[in-house]
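Each of the two complexes below includes subunit A, the first together with subunit B, the second together with subunit C.
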Partner chain A sequence: MQVESDVVVIGGGMAGLVAAAVALDAGLSVTVVTRGHGATASSSGAIDILGYLPGAVLPVEIPADGVHTLAMFHPWHPYTLIGLGTTDAGRSADASVAQVSDAIDWFRDRISSAGLEISGSVSETQWPVSVLGTVKPTTLLQSSMVTGSMSTDADATVLFVGLRGLPDLNPRAASSAYSEWCQSTGEGPHRVVGTVVELRSLSQRQALSSIEIAHHLDTDAGRTELTDALVPIVNNTGATHVVLPPVMGVVDSHEARESLETALGCRVIETLGVPPSVPGSRLQAALERMVVSMGGRLLKGHTVQDHRVTDGRITEVTARSRRRSVTVSASAFVLATGKFVGGGIVGDETGLREFLFGLPVFDAQRYLVGDERPSHLTSVRSVTPTGHRVFACGVGTDTMLRPVGVDGDVVYENLFCAGAILAGYNYQTEKSGLGVALVTGHTAGTYAARETKEVM
Partner chain B sequence: MSDEEEAYQFVLGTLSRERIVPYSEAELPIVKSVEQCINCGVCLNHCPLIPAVGVMRFPGPRGIAVRLSRSPPEFWTDADVIYLCTGCGTCREVCPNDVDIPSVVNMIRKRILRTMPDLVPLPLHQLQERVREYGLAFEPWEDPEDKADSRDMRLERLGLPLFEDRITDHAEVLYYPGCQAEERAQEIREAAKVILEHFRVDYTLLEEMRCCGLPLELLGDDEQAEELAGRLTEQVRSLGVEYVVTTCAGCTSRLSEIAVSHHWSAKVLHIVEYLREVIGEERVRDTLRAATGPPEAVAVHQPCHLIRHVSRNIGDDMEWLLDLIAPVTVKHSGVEDSCCGGGGLVNHHDTKTSDAVTRVNVEAIGALGVDRAVAPCPLCVAQLENAAFRAGVDMDVEDLTVLVAQYLSGE
Partner chain C sequence: MNEYDVIVIGGGSTGTAVARDCALRGLKTLLLERDDIASGTVGTCAGMISSGLKYMREPHIVDMCSSEVVHLRHIARHIVMKNPILTPLIEMSDLSSGGNFAEEYSKRAAEREVPPVMFLTPEDALKIEPRLSPDIIASLYFEEYFIDPFRLCLLQALDARNHGADIRTYCEVTNIIVGQGEVTGVEFFDRLSGSIERASARIVVNATGPWATRIAEIAGVPLQLRLNKGAHVILDRRVVNVGVIAKAVDGRMIYLFPHENTVLLGTTALDTWEDPDNLTASHDEIEYLLTSMSWVVPSVREARIIRTMEGVRPLVAQWKVPEDDVTRGYEVIDHEKDGVVGLYSFVGGKLVMCRRMAQTVTDLICQRLGVDSECLTHERPLPGMEDDVDVLVLSRQYGVPAQTVQRMVARRGTLTVRVLELLSENPSWRSTICACEPVIEAELRYSLREEFPQTLNDLRRRTRLGTGPCQSTYCALRAAPILAEELDLSGREAQTELLRYLSERWKGKRPSFRGDQLSQEEIVQGTYSCVLNLDRMGPSLESQPWEEVE
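So, the complex of A and B:
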């Protein structure tokens, strides 16, 4: 089967779907070919733009400033590269910040149309709570996770709620961890308590998964059960903020939050997701809806295995599903196949490879690492501020995000890379995973659209 | 017998006393795929059984992957969960590493059937017997006249003409209706003929229709399934057809699989694919342009055995086809690609569970207030229809092939 499209995006995680939506915005026809879910669906659901500068132990307080500093001192970082792609080195740090900020504004708007409310901006770091009761710096939150006054109000009473049968959140451990954090920063509520409640109609099930509770809380009956169980406890404790595990609805956490808050008369907050992450799936689903509702063609369950090149340009890719194969031709292509979870970069004892085009793999400093055994790119200490080198490895690009070979020359004129497949940043230590995917997806989509229009 | 071979036979004997069935060559890639499981649980968030029955009752695809890594495999302890899987393939589709859970399920069912048949649900034994006896998944009509009467009544209700069966040995296309359209939903078989006649396709039916073997694969009887596959392969070869056209989702995926494993030169296509790819977009558009009738709103259901076991593209083909029919407006339920609950033979032994899965579809389609829902698969149609009836939801479900035939023949 043969189809045509203006732009083809390979990979349907944050980076690929954002790139697709940008190209759709430009009025082009777009096909996204994607195999399974990647890291985006497993993420906590919070979009980190930049939590820490590389190697730093103190968090970034204003992401815009962080990106600016980064763009001055880390030449191979994707945020730096995209700034350099639009202006000369003297002003590129400002350009990087502007591009990050534009991508966020564009995204907040588009994803909201697809039914997911996101809040936050480059001017402030947010501090959501995890299921362990710890907090982490991030930039954009699903509105259900916004802690608001909870982290600053000394008079607040925070109630961590566990659900019987669901092991993900232990309210006793979470409340004491959160309380310790408040004490260590000298800010935030003085009173933090925990409780376990049971959902009536699920009481027969001794073991529950977050997804079945999320489905339950998508119904009025489910929400009523939860509020019935919580009202007496909220009244007894005088809780002003209720913290729930990440189960606030499969599709729409906003509606669940509003309805629970009305019934309980206090703030209700969802923690960050843990794999299998409901908020991660929610984000993935919203991204897919965004692309489909804009008229994009989303070909799931297809693995791109082959491509054709003419004069340094990719002309078509061939993807296989279980029992069919389809060839899609286009003027521009976006490579957003992720890293180790997505499958864009694969490693074994012989080294690291880019799966599809056999592109060379570099580390954060642009050293070629393709032949390095992946275990040699890890450090014996599991948690360090610099992290493991292996997580910063990926495809190297020019400032227009086109992949380069070992000689530094662009390999394909019309292929643009985005997301976790890129080398040059360590999402684990920087806390920048979905942010880099969003921003580079936005940039790659823009370039791919421009490329297509030039050819037309 | 050489020493080596003798030793091998001895080990096999020991294994069989221990009720261990060694993995076959064909099963190795499936087992290896499970080694790729990273335990992320993404599949859990999408398996239709989890919201339907919960992880207590069904541990989900990840649970199945984990079970397989037990050593030595004591599959008999899995009988209480392994027959609940609908084989929809949603887990495999979202899995980052292509872990082939539906095939793992078939593999485990095969071992249970061989080593502890008592644990196989009774209706599955009955199904196995039926296929053995009649070569069909449904008991055939005793009286051919009753069968014809039933068919004629259906055609009259739907306003479809009846064409004589074509059986030749030199056609370009073999139309393979599958057991359900052959014995029960005969209107689908006739509707397909209407379409093929309309486009003047040189086609034939089989002299004697036999099951594609999918139900046997699903209950673990791969030996009998293989027999049927071999027989069909001979028929397809001797007919020398270029295409095998189907109307059932399960047959499409099963025959596509056999076509590869048995090196058919004939190409297997669902009739929706056949219309778009072989008859051609232009010809179909020109023909359907003439379709008239009162406007109707239609909801679509995409069968797992087409979109997840064959290709997502078929979902697109369905939309394309319906868009060509002027009176039809497609309305989207948002769950068109969600498993209907009828697969994996679950509906044979546990309608409560399969209906719990179908509830999602029935509720969403019911809320749309459409004139009818369509699916290009007799199994999905029957499951949606029955589950809607049992849930007290008023809903008309029709096969997509029938809908197209109706518009072609002027309703």
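So, the complex of A and C:
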């Protein structure tokens, strides 16, 4: 099958779908070719812009300031590069902040049209709570995760709720971790309690998953069942905030939250998702809806395997699915195939490489690491504040996000990279994963649209 | 100070067998293990209780192993399984060695209830295992027994405890107290409480595997071992459904054994002077195994390597012969000859011989103590072996999937019922915590209450939690709160435990980190660092005094 499009986006995670939507916004025809779900669907569903500066101990309090500092001191970070792409070095940090901020404003609006309410801004770090009762600094939250006054109000009573048969959230462990954290900060609630409730109609199930419960809570019957079980406990404990596992509806957490809050008369908050993550899938689904509703063509289940190049420009890519082969030609391409989970970067005992175009792989300092054995790019301990070097490795680009070769020269004039495939940052320790994907996706989409228009 | 007849140092296969034998013979026994039961060499072994393909040159050892297999099946049938094995031959020269083996093997087949060795045509071999290389010219077929090494050690320890022994894990012996040429006791450091304690006994048994020379050193007696490192590679799927034994690039025999949802590829054998506490499989070892096995099973390289597992064999100190020629037998050293009466050390030996090794030393001990009592360890069943268990009946009765019950039975035999009984009061403990294996919450609770684990890693040894293809990615965060609840840990302590466990798992994943494992590890880091923020907000992991600082 042969298809034509103005822009082709390879990879349908946060980065690719945002790039596609931006190009659609510019009035172009867009085809997204994507194999399946990548990291976006496994994510917690909270969009981190920047939680910690590399090497810093304290969290970033104002994401905009954090991005500004980052852009001053970390030349190869994607946030820095995109700033440099629009202005000279002297003002590029401000440009980075402006681009981050613009991307967020644009996104909040578009994703809301697709039915997902996102709240937060670059001027304030938010602290959602996890299933273990730990907290993390992030920027944009699905409205169901906003903790509001919970972490600052000393008079609050927080009730962690476990659902019988779902081992993801253990209320006793979560409440003790959360209350220890509150004590250490000296702010926040003095009363943190936990309880387990049973959803009767699911009690006969062998192994309950968060997805099944989320489906149940999409129904009126499910919500009623949960509130009936919770009302007496909320009344007894005087809970002002109820914290639930990440199960507040598959499609729409907003509605579930409002109906639970009305019935219980207190705030209801869901925790960050852990894989397999309901809020992550919710985000993924909303992104797909966004692109489709804007007229984009989404080819799911298609793996791009080949491409054709003429005069330093990509002219078409060929993707295969179980049943067919599709060749799509376009004027501009976006490469948003993610990192290892997505499948954009692969590695064996001889080193790392970019899967599709064989682009060289760099680390966060722009050293070539393509020939390094992956284990050499890791540290001895599993989870540490410095993380593993290998997760900051990826494709290197110029300031317009076009991939560069070992010599630093742009390889393809009309290919723009976005998201986790990029080198230069470790989203795990920095807390910047979906943020970089969003912002670079936004930038890459803009460049791809411009490129197309120039050609036209 | 607590007084005992016998103090056993080391909670591996040998030490737990000794403690059990002593306890069954009525001796007041203390077992001290510096880490967990089966945390040393035995925890890294393949669990093959073999008929001796490897030591055909030593017929008396083949005999001994054969009869030990019979005993182990008698006392612990529930943790023993029989697996078919193919040994594909690819060259004519492979045939002759195969013939000798077939003869030796078949002599003892009847007593072990296995068929004699069969020679198969390539077509028949490929019918049994289609993933073999089509280039083979023939194949041997035979059957071998395997035992769960973790459960064996634990059951021996539990049985010893049931017969009055004290079992103390996380207690490291730091001194052997000797007065007038006689052992009077030991001094040990309790790693959990941080205190130093003493216990007295007239007999001390050094069953510390590759660490035995260190114990000898602190007792001031000479002891030599030929330490030999062995590494395994574990793959994420059942690349083969029957065991495969084949010749490696250097002519040694290596194997590929399916185990639960994974396969075990091993092993290397290298003389080593490395500290047995800080082993890692080298790139050369990993490639040696993969390359060698790919000659007969070409698809081994397609699977994801989930981790390596390496240990040190405490071989008898025979020098100037290849490792393969060193005896697989064992010796009990009576250090009376070195001027210390009452101290015994083991050198050599294997998992399959542990009961026999214990019998030898316990006979000597009884003689010395003037106790007249017979060895019972080959007659008395280990816990859980009392009866057969009907998986389907239990599955129906307790509403737990048959597969889950089946796995539990393979660990616990009749004691499975005690786990399932917990469900009557706590129906929600049916929930699956580790989906790879699978392990349900009730089993973790039961283990935490009855089998004295102190850490998630201990729980892994007792239940196989987190040992499957995902290597704890999804279950660690679900199991940690359960451990915390049962052991009454604070939130912070539970986080420390979780971090320690992840680091422990990572140690084995790191040497072979490549391919699809990169993606698996990104999920680990995404979950525990990015989402749970344990990298930043979690406690910082201090090295323990006994750990090597990186």
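FYI, the second predicted complex is superposed on the first by the 455 of 456 C-alpha atoms of A that agree within 3 Å, B and C clash if a C-alpha of one lies under 4 Å from a C-alpha of the other, contacts with A are read in each partner's own complex, and residues count from 1 in each chain.
FYI, a contact is a pair of C-beta atoms (placed from the backbone, for glycine too) under 8 Å apart; a residue touches a chain by one contact, two chains touch by 3 or more.
All values reported here derive from a predicted model rather than from experimental measurement.
When the two complexes are overlaid on subunit A, subunit B and subunit C occupy overlapping space and clash. Once the two complexes are overlaid on the shared chain, A:Ser321 sits against subunit B while remaining clear of subunit C.
Contact with subunit B, but none with subunit C, is seen for A:Val278 once the two complexes are overlaid on the shared chain.
Contact with subunit B, but none with subunit C, is seen for A:Lys300 once the two complexes are overlaid on the shared chain. When the two structures are aligned on the shared chain, A:Gln428 is found in touch with subunit C, with no touch to subunit B.
Applying the stated contact rule after C-alpha superposition, one finds that A:Ser44 touches subunit C and leaves subunit B untouched.
Residue contacts after overlaying the shared chain place A:Met456 against neither subunit B nor subunit C.
In the superposition on chain A, A:Val131 makes contact with subunit C only, while subunit B stays out of contact range. When subunit B and subunit C are set side by side, the one touching more residues of subunit A is C. Of 2-10, 164-172 or 182-190, the segment of subunit B whose C-alpha atoms clash with subunit C in the superposed model is 2-10.
Once both structures are placed on chain A, subunit A residues 42, 206-208, 275, 341, 343 are touched by subunit B and, in the other complex, by subunit C.
Within the complex, the subunit B residues that touch subunit A are 38, 40-46, 50-51, 54-56, 60, 62, 89, 92-98, 253, 256-257, 260, 277, 307-313, 316.
The touching residues of subunit A, when paired with subunit B in their complex, are 1, 35-38, 41-42, 202, 204-209, 211-212, 215, 275-278, 281, 297, 299-303, 321-324, 326, 341-343.
Across the interface of their complex, subunit A is touched by residues 283, 286-287, 399-401, 427-428, 430-433, 435, 441, 474, 477-478, 480-482, 484-485, 490-492, 494-495, 499, 502-503, 505-507, 510-515, 518-519, 521-538, 541, 550 of subunit C. On the subunit A side of its complex with subunit C, the touching residues are 39, 42-44, 48, 51-52, 59, 130-137, 164-168, 170, 172-174, 176-181, 196, 198, 203, 206-208, 272-275, 339-341, 343, 345-349, 373-375, 378, 380-385, 387-388, 390-391, 427-429, 431, 433.
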